[in-house]
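I am attaching a structure below and will ask some questions about it afterwards.
Chain IDs A, B and C follow the sequence of writing; residue 1 opens each chain.
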Amino acid sequence: MKRKNILVLFFLIALALSLFAQGGKEPAAAAGSDVQSTLNADGSFRLPIVDEKKEFSIFLNFNNMPFDPSWKVWKIIADRTNVSFRSVISQSNSNETEAYNLMLSSGNLADVIGYVNAADLESLGRDGGLLDLTDLIDKYAPNIKAFMENNPKFRTYAMSTDGKIYFIPKNQALKSAEFWFIRKDWLDRLGLQIPTTVDELHDVLYAFRNNDPNGNGIKDEIPLFDRAGWKMPEEYLYLWDTSIGFYARDGKIEFEPLEPNFKIGVGNLIQWYREGILDPEIFTRGPKGRDILLSANLGGCTHDWVSASTYNVTLKDTIPGFEFIGIAPPADQNGVVKERVERFPGVGWGISSKCSDPVTVIKLFDYLFTEEGSDLMNWGVEGEQYFRNDKGEKQFFDEVLNAKKTVVAQLRSIGSLYRVGMNQDGGYEIAAMNKWGREVNDLYESHPEWFVEEAPPYTDGELDLKYFAEDETRYRRIMNNIKSYVEEKFQSWIIGTADFNTEYDAFVKELRSRGIDEAIAINQRAYDYYLGSRN
Amino acid sequence: MAFERKRNAGINIRSREEKLFDICLNLVGIVIFLVVAYPIFYVLIASISRPLYVESGDVMFLAIKPSLASYREAFRTPYLLTSLGNSLFYTIVGVMVNMLFTTLTAYALSKPRLVGRKFLTLFTVFTMWFSAGIIPLYMTFRDLHLINTRIAIVLGFAMNTYNMIIMKSFFEQVPTTLEEAAFIDGASDWNIFARIYLPLSRSALATVSLFYAVNRWNSYFWAMNLLTDDSKIPMQVLLKKLLVDRTKNEMESAILTAESLSSQTTVIYALIIIAIIPMAICYPFVQKCFRSGLTIGASKE
Amino acid sequence: MKRIAGCWPLYLFLLPGFVWYMMFCYRPMFGLRMAFYDYNIFRGFSGSRFVGLENFRIYMSSPDFVRTLRNTLLIALWQMAFCFPIPIVLAIMITEMKSRTISKMVQTVTFLPHFISTVVVCGMVVNFLSPSTGIINFFLRKIGHEPIYFMVYPQYFRPTYTMMTLWQTAGFNAVVYIAALMGIDPHLYEAAIVDGAGRWCRIVHVTIPGILPTVVTMFIMNIGKMVKVGYESILLLYEPSTYPTADVISTYSFRLGIQNGDYGVATAAGLFEGVIALILVVAANKLSKQLADNAIW
């Protein structure tokens, strides 16, 4: 026994000693540098921003692409402004969330930080990790300041619920994001009209399934399909003006599964699945669903980004007569035409409290809002990706338009269109569209009444409001239990392992017991704040 | 055939029952081989097929329109060769460090005469179920100034309790009479360890080294989070990045047509084949190390 | 005292390992107190609020919690029933095989799956189980059966997951047993043959008792591991409609904790899992001491 005690004692002493190798958090560096005006006397942007080259550390990993200082566009920016960045994560980093959390826990914040989640950045800001940019913008970022004044949605998105600005968002100039596409050649083949209501859409898709429009004698058509991700097949509930999440109707936030439209929508969708209208393997088809189904001449209709129009070009020879055109959203059961998916400003980048020279950094942020900087970030390098034609308009080179990689992929590979504070202008997008894409884009952009003006921001199909600090954690915890429950029930109803009609009442009861009413109230508070801050 | 001779003591009795048994065994072996090999075979044929056919599931038993485009594309992955070199470095050096720490610890813990043995064993085993989590471990690396160093990867994972217990269990099976005899002859603990136990435990050493090697080769998590220099990254981190790319970049990923020669998916399959090849080649050699046979005969009982 | 003095060289042997455990296992373990805080990663412990058992309450009060416990135990049971004995059988088969070629082929091919990353294996599983293009349904159609959409029906999840794990780990785990089998004294076999024991009899009376200590050790260690039923592969394989059988403790705590950045809760979940694993292992250890006279401590 005595020996054992000695051993335990030794162990405890060793443990205690090892604790002395504790590190501490580094103190924030002092700010202050020579302050020059950002603009020249004539109002043009003063370049270079600083006389001596300066390098700042940056944390950014957008869509699995960590910031790479060797990108052409950023090299040019560094040459012009004398400001460059060094990434604090390796190029092979593939988990942004982990890297972000580890950076926070170690206390070694990069000078410039961007992240996928605005709420987390603001939370970091409130904790003192990010600087409040309001004054800096006021004094040293005239372009950003002007942009905010002219774009209230942008300004609202930038402000945290405590009134401070912790990051510069990425603005979207275009409104429409996704469009309805359908096989015109199949419609013609079967002698059908373009559907304008959801019931007409059903009949058309039913005909697609049963009347063999691809002419091979096999009933293999898949009328309605989607690409894998966060939105299938839930987004097809939009056809009946419902969804499995939150929605703002006339100033009130509602949780749509509790509303009457939900029964109509889900009932119909189940019917469509049974009739074979909805892709039977929609849950597991994968991100290449479009490629597979369209190339095999099986796919009929989808709701997707403008890139869906590219198939008109690539499949021209393989499938003779192939025509995949954009149509207006089908009117719902009440005759209302609405497109729920639209673009909102997204998260960008901010300056951390560890930065020793925030003035220089904010000036660089501002540079991206000048015409020069914006062109670099949207169009790439003049003479390489684009040129100016006789009318002075920007156009992409043919090699860029017809390359194997999409235009967006090419631009991203040189560092443009990165998730930073910038304005993603519609110009480059339209310039990169083919004639079908342009047609459908014009159609949607010319019908602003299809979009809801007071719609709160959505990211990836989920409501993306700013919450008050005390609501944040509570909301996430409640939704954790609710989201998985709703998804589970929804999918099992669609595939038929559970019966929707008999389970619906119990479903509602369960949602209430899991705290959905509190979640609605929290969202209502946040939404009210959102509407208020826009004015 | 040498092993078989040992078991049959040189007597080649093959009754009808034995013959039937052997045939059945061989058949079962072949079936197992086919079933287990199929997915690997699939990776191989998918890596040389056109990606659209791979995605649409047409590739099942044969490659469709084979080409080496995916391999060419795979070799264009930035930092591929550096990362292969790093993987080899971390595996070889890592395993040496691992075996050093592990054999010493396992040996000591296998001796019943060690005072406090139960406590010390529990001390090690306890860590198998209570690990501190990512953030506290990361902070430890930070406090020791080991962030972004190769030493962190090599030393920070010097022990795996699971493997250590396996080693300890093998050491315990060596008869104690050997040690007693050696003590009488005046040998020191170190001599007994190095000259008697280690040579006798060749198969155990091979097994545990193999486990560590596989572990090192396959691991990517801490390498990705601790190392910020791309020149130090091992291959699995690159592979993981490509795998994540596949799902994340769906928005503007290249449109696949029947003409596309390679895609993210086929490149990943190509990289997997590239990563498996060293192991597939080395393994038969490692299997030879499992011959130990000399163990028990040395004891005179 | 004399006994300690007698084994002081052994303590020297232990030193490197001991230091390592202290630095990289026990020192970080102080971070486990995160489970009792509303932990804010940036502010650290000094900036976080102590909440006692609140995180545990949050973790265990979810309506789905009990289901995840049940699923974890059931999946663990399936693993123990299949993924534990099969490597042993495989190892015995490999060493008993007359044909050296087939034996080596089987050994190598069963070992290789361990090198294919989980993400890729899961992708292949989804592929192979597809109702329209998967190979399993291809064979089902050949025998006249309707294709089955395996991935979305809850009743297929456990078998699918178990078979996938089996494929990935059987050959690898068999290695330990092969090594143990090689260590059995050939004289014992000679004696058995002389006594007239047939093939099967020799396996039962010589082989199996010979590797029993190894089997027992592996059993005790694996029981603890089972509780931490790997979340990465389940995360990749499960669909919402399979949550009733597929949602386990680790996937649930991943969604609740890590995905939400809620590290206090995530740590509490980890502690909970650790406690269960510890209980199971202690019980297994005691049991094997009684039954097989062999244990880890």
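Note that a contact is a pair of C-beta atoms (placed from the backbone, for glycine too) under 8 Å apart; a residue touches a chain by one contact, two chains touch by 3 or more.
Computed from a predicted structure; not experimentally measured.
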item: Among all chain pairs, the one with the most C-beta contacts; value: B-C
item: Label of the chain whose CA centroid is most distant from the centroid of subunit B; value: A
item: Mean-CA-position distance for subunit C and subunit B (Å); value: 16
item: Where subunit A and subunit C are represented by their mean Cα positions, the distance between them in whole Å; value: 38
item: Geometric centre distance via CA averages, subunit B-subunit A, whole Å; value: 40
item: Two or more partner chains touched - positions in subunit C; value: 3-4, 18, 23, 26-27, 30, 41, 130, 132, 263
item: Residues within subunit A bordering two or more other chains; value: 3, 21, 101, 105, 286
item: For subunit B, residues that touch 2 or more chains besides their own; value: 56, 115, 120, 123, 135, 139, 144, 240, 243
item: Interface residues, subunit B side, partner subunit A - complex; value: 52, 55-56, 78-79, 83, 115-116, 119-120, 123, 134-135, 138-139, 142-144, 147, 224-225, 227-230, 233, 237-238, 240-241, 243-258, 260, 265
item: Partner subunit A, residues of subunit C touching it in the complex; value: 1, 3-4, 18, 22-23, 26-27, 30, 38, 40-44, 47, 58, 62-64, 126, 130-132, 149, 151-154, 239-241, 243-244, 247, 255-256, 258-263
item: Interfacial residue positions of subunit B with respect to subunit C in the complex; value: 1, 3-4, 6-9, 11, 13, 15, 17-18, 21-22, 25-26, 28-30, 32-33, 36-40, 42-43, 56-58, 60, 100-102, 104-105, 107-109, 111, 113-115, 117-118, 120-133, 135-137, 139-140, 144, 155-159, 162, 164-166, 169-170, 172-173, 188-190, 193, 203-204, 206-207, 210-211, 214, 217-218, 236, 239-240, 243, 268-269, 272, 275-276, 279-280, 283-284, 287, 290-293, 295-297
item: Residues of subunit A touching subunit C in the complex; value: 3, 14-15, 18-19, 21, 25, 97, 101, 104-105, 107, 120, 124, 127-129, 280-281, 283-284, 286, 473, 476-477, 480-481, 484-485, 487-488, 490-492, 495, 497, 510, 513-514
item: Touching residues (chain side subunit C, partner subunit B) in the complex; value: 3-4, 6-7, 9-11, 13-14, 16-18, 20-21, 23-32, 34, 41, 90, 93, 95-100, 102-117, 119-121, 124, 127-128, 130, 132-135, 138, 167, 171-172, 175-176, 178-180, 182-183, 185-187, 189-190, 193-194, 198-200, 213-214, 217-218, 221, 224-225, 263, 266-267, 270-271, 273-274, 277-278, 281, 296-297
